[in-house]
C-alpha cells in the first residue's frame, strides 16, 4: 500500500465530492431567482441519498463480482462486506475503501447533472424517487460495463479513463429522456429566462474546474506520470474548450460571453474525461477545442427539435462525451499509459475506434431508453411535474418553503 | 518521514483552513443583509489572531509537556522552540510543523463557530478580546485533555478522533454561555429574521463538507486505511444527517428545506467527528442519522428556554458532539483502528462509553462555565454588545464602515 | 519518483489553478455591478489562452535550456517535446509534466492579477491580445531569470521561493505601467465606486488563502519539512498581514474593515511568497505584519500621484513583493532549507540582501518598461480602452452582451 | 396630462407592455414592489421557524399620457393584466399639472 | 378616491401595516427606496477611500382609499410610524381621478 | 403643496441632487426603476439565445415642495439631469392635498 497514492486518491475523492456543490452553483446561477434553491437542493439530495445507496448496494452492483455477461455486479459486496479482500479484478495499492469513496463521488454527481436538464419544473418528491431508482437501474449497470474489469465493454477492449460513458454520455442521454418525459417549461422558448446570477455560475465553473483534476487525474488511482498527464490534459482541454466556444461565438457574429467561457471549459473537460490518461498533451488541445465548438452548435439543436433541455445537459455532457470517446479512439497511445491502447492516429488501426463507438452507442441507447422508462413510471406513480401555478410562483417557495434571497417584501417583512 | 503522509496532512491542513471562510459564508448567508460582513469578519479575525496566538503560546499549552495532572501543557514549546525534537509523546512520521499547522486550523475554526451563536449583536473589539482570552483559557486546556497523549482524558482512555470534544462540544457549550451573557437580539423571537442569501449558505455548506474530509481523515495523520475509513464515514454521516433532518422536517408536517439539508449534513459531520477513524461504515450511517434528527429537535429548545442562539451552534455542534461521543462509546471497534478501543456493541463492555460520557460531561461543563466567566469579564471591561440603534442599523455599517451590497442608495450614490 | 511528492505537487497545481477563479471573485466583488463579469472574464480568459501558450512555447522560453546570458530559454521544449528527459538543470523526483502543470498555474494567475489594475475600462479584444504578448515578452523572461537554474538572477544567487519577483513584483509593476497607458476611469477619483458585493470578495480571499498553500508550499516540489515550513509561514504571514492592516486602519482613526482584512491577508501572503521556504516562523510573522501595514499606506499613493490603479495591484502585489524580497535578504537561514542562504540576521552578511535588491530592481524595471511598450503597441493596434458611453453603461453588456444579475428590468422582462 | 399607475402581476408584464404600446403609449417606467391584499402569500420555514409572508411580488407601472388617451391605456392594462385570479392588481389615474422632457425642455403632450 | 403615500423607517413596517389594517385598509403596495433629508447617513471606507452616504433606506407605502377614510389612514401611519427621532418620514395625500380593480373592472370604492 | 417626480439617468444623480439642494429642496426620496421609451436598450445572449432588453435602468426621484418652489425644482432637475442624449427622462408635477411629517405631525410647508 502506497501512502502517496492513497493521499492522492483520498484527496481526489474530496475534489470530486466538491464538484457537486460546485455544480449546484453552476446550475443555480443559470436559473431564475425563484427556482435557484430547488436546483441546488436536487444536487445536495444526491450527496445524501446516493452516498447511502452506494455503500448499501450500488457499489456491489457496479464493482462486485460479475453476475453474468459483464452486465452487472452481484450482491457479494452489499453493505461493503468482504471489502478487505479487495475490489474484484483490480490490483490497487490503496485501501479498497479509498476506491469506494472515490467512485461514490462519481455516482453522486452523475444524477445531479441530469437535474440541469429538467430544471425549474420538477416536484421534489418525484425527483427523489427518480434518482434512487435511476442510480440502481441505469448508473450501476453502465458503471459495471465500463469501469469494472469484468464489464462487457471494459473487458471487450473499450477504454474510458474517467467516465466519458458512465458520467457524461450517461447523464446527457438520461437528461434528454427525462426532459422529453416531463415536457417543456411554461413559456419556453418564448419567454426570456436569463440567468439570475452569472457570478454564481462562474464560481461554480471554477469549482468544477478545480474538482475535475481529482475526477480525471485521480482516476489514475496513483500519483504517477499518468496522473500528471491526465491533469495536464484536463487543464488543456478546458482551456481550448473555453477558447473554442468563444471563437465560435465571435464567428457567429456575437460577443465572447462569460457563460460561454464557463460552458466551453466544461465541454472541454467533459470531452477529455474518457481520454485524460490515454492521450498526449497536443491531442488534448484538439479534443477540448472540438468539444467547445461542437457543443456550442449542439445547444441550438433544442430549438430545432423543440425539447427543453433547460441547462443543456444533453448538448454539453451528452455530445461532449461522444466527442471525447470517439477522439480517444483516434488519439490514444500506449506511450502515455501502457495499459491503454493505440488509436487510429497512433498506428493502432480502427479497432479501438470501433470499441469506442460501440461503447457510445450502447451506453447512449441504454441510458436514454432505461431513463425514459424510469421517468415514465415515476411520473405515473409519484408525479414529476409541478402545477402551472407552482411553476409560475417558483419552486423555492412551493417545493421547499424557502426563498433564496430576502430583501424587501421578504420574510423580513413577514411576521412569524 | 513519509512524503505520502506529509502530503496528506499538509493538504488536510489546507482543507481545514478553508473551512473557516466556508463557515463565514455558511453563517453569512443565514443572517440579515445588514449584518453579514460582521459575521464574516468574526470568522476572518480568527484566522488572523488565533494563528499568531497558536504559534506563540497556544500550541505549547495544548501539546507541550504536561504541566501537571494532564490539565495543560507547559511553556516549553512557546514560539515553537524545540519543535525539532518532535511533539511530546507523539510518534509522527510527518514534520512536526505539519502537525502544528494542522492543529492550528482546528484552533481557528472553533472560536469562529461560537460567533454563530452571538451573531448580529456583538461589538467587534469585544469579540476580538474575547477570542484571544477564550483560546488560551478554554480551548488550549480542552485540547490538551483530549488530544495530547498526556491529557487526562486521552490518557485515561477517552477517545476523540478529530475533535468531538475539543471542537464541537466545546464550541457548542461555549456559544450557549456566550449567548446567555450577551442576551437576545432585539425583536427575537417575534420579528422575522430570514436568511438573506441561502445560496451563500449552501456554498458554505459545500465548502465545509469538502473541508471536513481534511478535518476527519487528516486526523489519522497518515494516508492509510484509517484515513480512508474516516473519509468514508464523514461522507456517510453527512449524507444520513442530511436525510435525517429532511425526513424529520417531513414528519413534522413541513417540506424538505435546503437550509435543513445543509444543517443536517453539518450535524452529521459534527457527530461523526469524534468517531470517524474508530467505527465502521454502517455505524457511521446510524450516527449521522441520529444527529440529523436529534439536532433538528434540539433547535426548538431555544424557543422553550428562551435563549437566542442565533445560528443554533448549541443545537448542532453542542448536541451533535454529545451524540457522536456517546455513540462512539457504543460503536467503536479495534478492527478499524487497532489503536482505538471496542465499544458496547463490539464487545468492549461499558468501559469506553463511561470514558466518553466523562469526556462529554467534563468538557461541556468546563467550556460552559469558563466561557461564561470570560464573557462576563470581557463584557464588563471592553463591552460585548452593540447599542440598540447600531443593532437596528446593522453591524456592517456601524462596526466596520462597510456595506455588503451596493446597489441603489449605495455608496454608488454617495459622494466622496 | 516519489508518489508522495507527486501527489503533493499535483494537488498544489490544482490549488494554484483554483486561485484564479478565486481572484476573479475577489476582484469581481470589488467592482461595480455593471462591470463584474468583465473582470471575471479577464481572469477566465487567462485560464484559457495562457494554458495553451504555455505548453506550446511559454514553458520552453521559461524553463528550456538557456538561450544565452541567462536571459531566456531556447525553443528546445516547444510543444513539450523532449520533456521525458526532464526539466533542464532541475533534479525532480516528480514527473516533469507535474512541474509543467504547477508552473502553468503561476503563468495563468500573473496576467490575471494585472487585470485588477485596469479594471472597468478595458476592451475585451485588446486585453486578450495584450495578455498573449505580455506572457511571452514579459512573463517568460522574468520566470527564466528567477526560477530557471540557468536564469541570471537564480544563478547569480538571488532567492525567490515561490514567485516574489515572477508573480508579485512582475504583476504589480506591470499593472502600474498598464494603468498609466490606459488612463483613469471616468469619474475617478471623484465618484464613489464602492464594491458591489463584499461577500464575493471575502469568498475570493478565502479561496486565495487556501490556494496559496499550494502556491508556496507546493514550490518545495516535495512533501517534506520545507513544504511544511512554507505552509506554516504562509498562514502566519497571512494572519499578521491581516492584523497589520486592521491595526493600521484603527491607528488612522477608522474602523477595522472586512475589505481591509482580506487585503491585509493577501498582502501578507504576497510578501511571504519569495521567502516561504527560506525563513522561520517568527520572521514570517514579521514579514506579514510589515506588508499589512506598508501596503495599506501604499494604497494611498495613487491619490497623491493620480494614477488609477483600480484594485491596488501595485500597492499590494508590487510593494508586497518588494517587501518580501528585501526581508528575505534579512531573515533567510540555511537552517530551514540548506539549499537556501543566510541573510543579514542569520549571519550571512549583506550578500543575499544585495542579490535580492538586484532582483527587485531588475524585475521591477523590466516589468514596468516592457509592459509599458506592450500596452502602448496593443493600444495603438487593437485598442485597449472602451468608449465613454460603454464605460458608463458598463462593460458587461457592452463587451459581453450579458448582465451579471437579472432582477427587475432584467432580461426576464426583455423579450426574445 | 395624466399619469396612469398600475400594479400588476410580474408575469403579465410583457403582455401589458405590448398592449400599452398598441394603445399609443410611447414609454413607461416600471419598478419592483410588493403587494398586500386579498391574495394569499406563502409560508417560509427556516430551521423550524415559520414565517407567514403576506407580501406578494408585483410590478408597478407608470405611464404619462395625454388626457384623452388615459382611458385607452387603462383599458389596455385591464385587458392584458387580467387573469381573473385574485391578485391581478389595480390601476389608477392621477391628474398632472405639468410634464417636461428633460432632454429638450418640451412640455405637455410634446414631452411624451 | 385618494392615494395615501408614506415614507417610513423600514423597521416600523410591521406596525404600520397593522395600524393601516385596523384603520380599514384592505391592501397596500410597498417598495424599497432611499431617502435624503435631515437624518444623517453614515460613512463607508474602502481601502482608505471614504464615502459619505447620505441616503438612508426607507420604505414607500401606497394605499388607495375612499375619500372619507384618508384621514384615518394618515393618522394610522403617523401613530405607528412615529419614533420621535429624526428620519421618521413623510406621509402625503393625492386626489385620484379613477381607481379600477384589474381582475373585475370594478371602479372607485368597489375596486379596493 | 406639490410633488415633483423625475425619471433620470442614474449617473446624473449626484448632480441632480446637488442642484435640487441649491434650489431649496431639503429632502428627497429616490428609487431604482426601469424605463422604456425612445432610448434603445441592449441585447443579451446566453448560450446563443438572444434577448432584446428594451428596459433601461433609471432613477425615480420624488421631492415634496411648496407650491411656489415647484418651478425652481423642475428647472434644477432639467439643468442637472440634461445630457442632450435620448433617454434623459421626464419630470412632472402633481398637486398634493396634504403633506405631514411623521415625527412631529407638522403639516404643509412645515412638514418639509
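Read from first to last, the chains carry the letters A, B, C, D, E and F; within each, the first residue is number 1.
Everything that follows uses one rule, which is that a residue touches a chain if its C-beta (ideal position, glycine included) is under 8 Å from a C-beta of that chain, and two chains touch if they have at least 3 such contacts.
These figures come from a predicted structure and were not determined experimentally.
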- From chain B, how many touching-chain steps at minimum until you land on chain E? 1
- Query: At the place where copies chain A and chain B touch, is the share of residue numbers found on both sides over half (same) or under half (different)?
  - Reply: different
- Where the centres are mean C-alpha positions, what is the separation of chain A from chain F, in Å? 50
- Computed distance of Cα centres, chain E from chain D, in Å: 18
- Item | Where chain B touches two or more other chains, by residue | 2-5, 7-8, 11, 189, 191-192, 194-195, 197, 203, 207, 254-255, 257, 259, 401-403, 407-411, 413-416
- Pull out every residue in chain F that's touching 2 or more other chains. 14, 30-34, 44-46, 49, 51, 55, 94-95
- Contact set on chain B toward chain D in their complex: 189, 192, 194-195, 249, 252, 254-255, 257, 259-260, 263, 296, 299-300, 312
- Going by the contact rule at the top, pick out the chain A residues touching chain C in the complex. 2-5, 7-8, 11, 15, 32-33, 189-199, 202-203, 205-207, 209-210, 213-214, 217, 222-225, 227-229, 231-232, 235-236, 238-240, 242-243, 246, 254-259, 261-262, 265, 281-282, 285
- For the complex, which residues does chain B have touching chain E? 191, 392-393, 397-398, 401-403, 408-411, 413-416
- Show which residues of chain E lie in contact with chain C when the two form their complex. 44-49, 51
- Query: Which bits of chain E are touching chain B when the two form their complex?
  - Reply: 11, 14, 33-34, 41-46, 49-57
